[in-house]
Amino acid sequence: MLAFNDLADFPHAEIGSLLKLAARLEREPEPRALEGKVLSLLFLNPSLRTLASFQAAMVRLGGGSFVISPEMSIHGLESRSGIVMDGVAAEHIREAVPVIASYGDAIGIRAFAERLNLDDDLADRRFAELAALADKPTINMESAINHPCQSLADWKTMDELAIPSTGGRFVLSWAYHPKALPLAVPAATVHMAAMRGMDVVVLRPPGFELPDAVMDKARAAAEASGGRVSETEDRREAMEGAHVIYAKSWSSTRHYTDRLADQALREELTGWCVDEPWFDNAREDCRFMHCLPVRRGVVVADRILDGPRSVVIREAQNRMLVQMAVLYRMLKG
Amino acid sequence: MLAFNDLADFPHAEIGSLLKLAARLEREPEPRALEGKVLSLLFLNPSLRTLASFQAAMVRLGGGSFVISPEMSIHGLESRSGIVMDGVAAEHIREAVPVIASYGDAIGIRAFAERLNLDDDLADRRFAELAALADKPTINMESAINHPCQSLADWKTMDELAIPSTGGRFVLSWAYHPKALPLAVPAATVHMAAMRGMDVVVLRPPGFELPDAVMDKARAAAEASGGRVSETEDRREAMEGAHVIYAKSWSSTRHYTDRLADQALREELTGWCVDEPWFDNAREDCRFMHCLPVRRGVVVADRILDGPRSVVIREAQNRMLVQMAVLYRMLKG
Amino acid sequence: MLAFNDLADFPHAEIGSLLKLAARLEREPEPRALEGKVLSLLFLNPSLRTLASFQAAMVRLGGGSFVISPEMSIHGLESRSGIVMDGVAAEHIREAVPVIASYGDAIGIRAFAERLNLDDDLADRRFAELAALADKPTINMESAINHPCQSLADWKTMDELAIPSTGGRFVLSWAYHPKALPLAVPAATVHMAAMRGMDVVVLRPPGFELPDAVMDKARAAAEASGGRVSETEDRREAMEGAHVIYAKSWSSTRHYTDRLADQALREELTGWCVDEPWFDNAREDCRFMHCLPVRRGVVVADRILDGPRSVVIREAQNRMLVQMAVLYRMLKG
């Protein structure tokens, strides 16, 4: 495996095979599988789960990793082309990334959206530029528009809970959050659920529609898998018979680069906090999913997060397990 | 071993067995004992020795670890119940701790006193709350009122130096420090020395008495071990025939939550800097112990720290060795 | 090997043997060679390549490492003697360094010049003081006046490119940079190239002469190896028939502790940015070297860095490989 940058790069069967491998490695540990192997971890944005789970995954397979992150004094990394570097940044990604990649056998890269331009972010230009500078296999640890490790963990979580793929109803719901968050998780999630063959509904208030490029990619995946993708702002309609609600806040795509307009719009939407009444017409065992971190009392009520519907901890635990499978496939001779 | 949170949880013989194991692992390394095993390290407060020694310990046993610490941008961790998280903190300990714990086979947790309320700190409520959220074996890497890894290292240090347990005189002395420091080390230390069966004297100025709960716990340990615990503000009386003086600064327990009152009291006490005259009526080979970091010229004079009495480096070195024994006992199948 | 602090400590043949070992370990990995071994990494200054490459090197040999760095809250480290520590720093290097060293089997130390006094920096007093506190083998990860790991990597890079030792012309050129940078890399580099037996020319504007101590050490190495060392401010003269130009900015040694005077001097020198015209009378295949990080458009033009002359990525990659050889020689029983 030369890259794990996007679930869409893999046929459906390959996803199944990765999930089987993850289960096998949990059942039958292989603590020497990757001895002497190194994973480079480059974080241009903060992390908790990704940081911890990738390091743990490498140790469990007998290898190791190192972390380069923005909290370290790495002089600042410049990324513009043709620039005269007489300011603060003392190093350019054109040197930093190939070097960091060269010390490992694979490299994980986290680079959130720059939010200067929606088209650039939808095309994932920043991540693509960084990945192209590494001549080692790359793993997308969350980019402007993708988060395949989270999606693979979520897929595994639904399999374990026996949530049906064909016929399973998956609601991706916008939720309130005081900040305008990136599109990576909603974009990856709607595609993943569609690729899994589910009946996917995107529930969001006006102004928070997912971009056409995101919806089109999900619809193409649904077509191939026998799934379905629709969108609505009507909560009752969306939740009807739902097996899962996956909550996530994201930016207004109508005001993507205009924080003030986004703010004005979202301030009216504090009622979008998932709580028990949302589940009125869902299936009785309807699950609550979220990629974490989650703001209690803002995105979701405590009683949901602490109750039997919530599978958020399991999703996070599965991050390590699916990443072990990806690393094993990528690095085991 | 399901937890290493408090020396008091272990019978005397089990401490001896851990110390024997530490010595054996130093003599006969087992660099594959914990292959594929992961230790999660959660630091809610800064660290040097603990951070380094736990990471080194895991490597020496063939496993590995990862660190989550407050210096990283982990969004800030909220710990209050029922809170609406619309402020800075983007994640709650109720999600963060179970997830971090799930990536490891055991979890070390450091969480100093919050100093909002002496009773809460004496009951170690913050640490207990964090530990309860992890469904893996826990290690106390210093809590509001305990520091069992330091105590076990100190015990080993005294054994190596052939400082008698029965009949050995151990003076825990308050020392000056510009800041009001936590009670964890003095509380753990007085208990450890009492449990070791020593003749323990707590030497402290008025206003810096250790809380009843701390003294009672130490006295109970002394009773079981044949030791003795007393307290005084008279230096000559305390040091009479002493084998060891263990210096440490701590907060005024009379003004535990009132920094200004504490400050006013301690400002008069800059003379509590351990120096050669303190040893006048101690045993000639009386040792100087301290958990580090230590402020030279403030807590203790250079000539003591650099002279033959000091065993502070050895105490710190023993941190890694005893932690290897704890980890081995906890994680080796 | 008890220390790797200075290339000058090793006979020429030993350098050759280390480079052979580096090549062998790349060709035939030994992922269990250092199992259970720990490298302590103490960074008193920032790092990217060194931080990453040492961690990766230990994993590739089956061991591990831990990092203590200034970005962590390590309370601040005091280094003055006889000081009363009632300020910010809560720990002295006299305790911190022996403890950190004790957790590892070797210790890497990075400590840049303090720039209080040129003689102290030329004598590398700060590094020597730190290294003397560790009773484990030490590795110089860049000190006030040395950077032997970089030099060894550069030597390997030139060997791989078949750049002649005897008769190879090596130009170490000052370059513009907005800040007054340390002397470590130029000092180490001129010595390394001289020790390799090359015809070394130091090209620098008036005011940026390398100190006599640096030039004398290089000349002594040249004498032993059959090389030659000269200096000039005439670019054409320097570049005549050059095999390599190694660019690096450094402080004015005429104004070493006077930043304003240095600034005034260097402001006139923005033309010292390596570009294609510099190579007019060099060998056609003349290479461009730099230790990184490098400021594009300031120290060197993009077209050089992105063109076929540049070997800067290879130099950085070789850091890990030569450090593996050093660690292997130092730690393998």
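Note that the chains take the letters A, B and C in the order they are written out, and that residue 1 is the start of every chain.
Note that contacts are C-beta pairs under 8 Å (C-beta built on N, C-alpha and C of every residue); 3 or more make two chains touch, one makes a residue touch a chain.
Bear in mind the structure is a predicted one, so any value in this text is a computation, not a measurement.
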List the interface residue numbers of chain B and of chain C, divide the shared ones by all numbers used, and answer same when the ratio is over half, different when under half. different
I need the rotation angle between the copies chain A and chain C from a CA superposition, between 0 and 180°, in steps of 5. 120
Measure off the straight-line distance from the CA centroid of chain B to the CA centroid of chain C, and report it in whole Å. 40
Residues in chain C with touches to at least two other chains are numbered 64, 71
Residue set of chain B touching chain A in the complex reads 35-38, 40, 63-66, 68, 71-75, 78, 82-86, 90-92, 94-96, 98-100, 102-104
Once bound in the complex, which stretches of chain B touch chain C? 29-32, 46, 48-49, 51-53, 55-56, 58-62, 64, 69-71, 178, 292-298, 302, 305-306, 312-313, 316-317, 320
